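Chain IDs A, B, C and D follow the sequence of writing; residue 1 opens each chain.
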């Protein structure tokens, strides 16, 4: 296994650096935006629910060197990929195999949560995160379907999250064909984020 | 003047935190992607040509605490805004007022360059960056026009940059209207990046 | 009042040809796609619910010369605009002022329905359309919010519509600034369409 | 071969109705917008340069029943597909096999031109169209690369076209996955159009 040392302070590791299977992976530009919405600190404790290939968890682990990143995935193939990518990038990661909601119950503390896949339990997961997050804790949902987009916004409101933000990102990448640059689209992604409790905006701007 | 302490390790400072005039500002999601393409290290020396409100320079300054960030802007209103934003965020920034190409000549060393505005001198700026950047140095151009998009890709090829990458980003943001979330589009942005000399990809993946 | 003779067989009348107030108008590219999803025939009877400025109704009236187009709008300002635009383009249009669902009850027959605005009665409107449309009748919803996007797809499924199709359209237009072409985004639109009864696709492809 | 009778007056024939090979096809939503920018009349004479599968030519032939549509394609596989699609849709079409610029010389008159592929001769093709088009004639270029986008806008300006318009279209389509609707992106398309001589806008708005 080739090791990769990511020596940069910035997220957005190129997609091809990750070992991928058939598991869909969050593309590097979307990872950069997702990580930015998570507003990580060096000592953040991050839970990645539905971690897929682990690409977001690994980006977070590069930043939260004094904190911790927990990657939850219920798909066995995903778990294998996360382990392989963890070894490739040599980051610390707690990898938990199983159901997102059930495993969230077992984690004592986290102040950031990213939901990449919810296995149909989005409502319960967002409620659990709200219950467990400290004041100013942040949750971010990455959605690729209309239903998850809608449900994430609705459930966040119902739970009481503040500063709920929804963005859609449509990215295209140039592919070189001789002297031409063909623009190829990536699927649109919706990034929905919310904060528990008083808005950090207000606090900081005082 | 209110001070803002950006206590996070991640870029993507909310747009409304910056003092803005009529100068167009790179939006927070685009800043997050731009910063990710710059692949900053703690000791990077970054030049921001056409720094506008200084928003990208300030994001870079948060990350490059052992390096340096130079913001070049030829518009007087821009210079004022950069100074105000620098004071607001209390970061170190070298602010240079004048023509991009001319001022680049005066800077001894930098290993990252971001071109947000070129004042019609894109070709000269990209050539100068190529000349001054060390091996593995990176340049990123943010374009909002068809002409700059095209010229940036052409000039980068002509200069000899490697790993030239072009992406387009189309972002929309939800705006709450009663119980509805109206999606409002931001203008599309093209992010063109290139590396001087041997690809970092190849080096790292060996 | 200037008259405009639209002498073309194709939809997509330039936006600036319409009299607009503060009422949001479906942009010409989105109108072209919406009209295409309606699959109009010369003798189609079309109902436009939430007709806004009447721009889609007027496009439809240009095509359905042996049929009829009914424009429903509950906003008084909208009704004035529809009347003015009808006079400007000199097309036949039944203009009904009032509540969409209530007025749909009074219309004996239509085989195409476009919902541009539902005033919170989308479920009832889609159910009524399903009840009144003949076999192979088509309904198209233009949505600009996450909630309408989601609800339109859900309600169409619940009503029993077939061939439900969802597309999102993100358009940007070049604006000339000296020698540069700045790309300016229009807000994303979601176009959701469905057919009552057996799919026209299957029938035609036999 | 199954025949398809397209009984609608509106463009936007579903993609799956066409026989496709490996030749890229203009997607139905883009066809609807392209046709709208062509502003066809019943007696328009249309030339489709780089006709690909013939999908745009066939849409035009449905509308220009008193005019004519000429499909030019230099790729042999394309020619076969155009013939097959013509038979499938039973429309009249002049199909010319060979080089776009060379064949344009042989056509006496046309008042609309659509350029779907230029084989590297875009400049010559746009100049020839300008020379041959009557006053108020319209040319539309569909571009999928940065270079064609740029060159189309530049050459149109140099030729003297008026009312040059550039739009980018980014479409995504919902794909049903159980109860979820996954949004899948189509590649972005740029539609550049221009008119020879005095703007129809000004004439009509008098």
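To be clear about the criterion, contacts are C-beta pairs under 8 Å (C-beta built on N, C-alpha and C of every residue); 3 or more make two chains touch, one makes a residue touch a chain.
Keep in mind that this is a model prediction, so the values were computed, not measured.
Chemist: List every chain that touches both chain A and chain D.
Modeler: Neighbours common to chain A and chain D are B, C.
Chemist: By CA centroid distance, what chain is farthest from chain B?
Modeler: C
Chemist: Centre to centre, by mean C-alpha position, how many angstrom separate chain B and chain D?
Modeler: One centre to the other, that is 38 Å.
Chemist: With centres defined as the mean C-alpha position, give me the chain A-chain B separation in Å.
Modeler: That gives a centre separation of 25 Å.
Chemist: Where in chain D do residues touch two or more other chains at once?
Modeler: 146-147, 153, 166, 168, 170, 172, 174, 181, 183, 188
Chemist: Using the touch definition up top, name the residues of chain D that touch chain C in the complex.
Modeler: Answer in residue numbers: 2, 4-5, 7-12, 14, 16-17, 28-29, 32-33, 35-42, 63-64, 153, 164-174, 181, 183, 201, 204-206.
Chemist: If we count contacts the way the header does, which residues on chain D are in touch with chain A in the complex?
Modeler: Listed in rising order, the residues of chain D that touch chain A are 144-148, 170, 172, 174, 177, 179-188.
Chemist: Chain A touches which residues of chain C in the complex?
Modeler: 146-147, 149-150, 153, 166, 168, 170, 188
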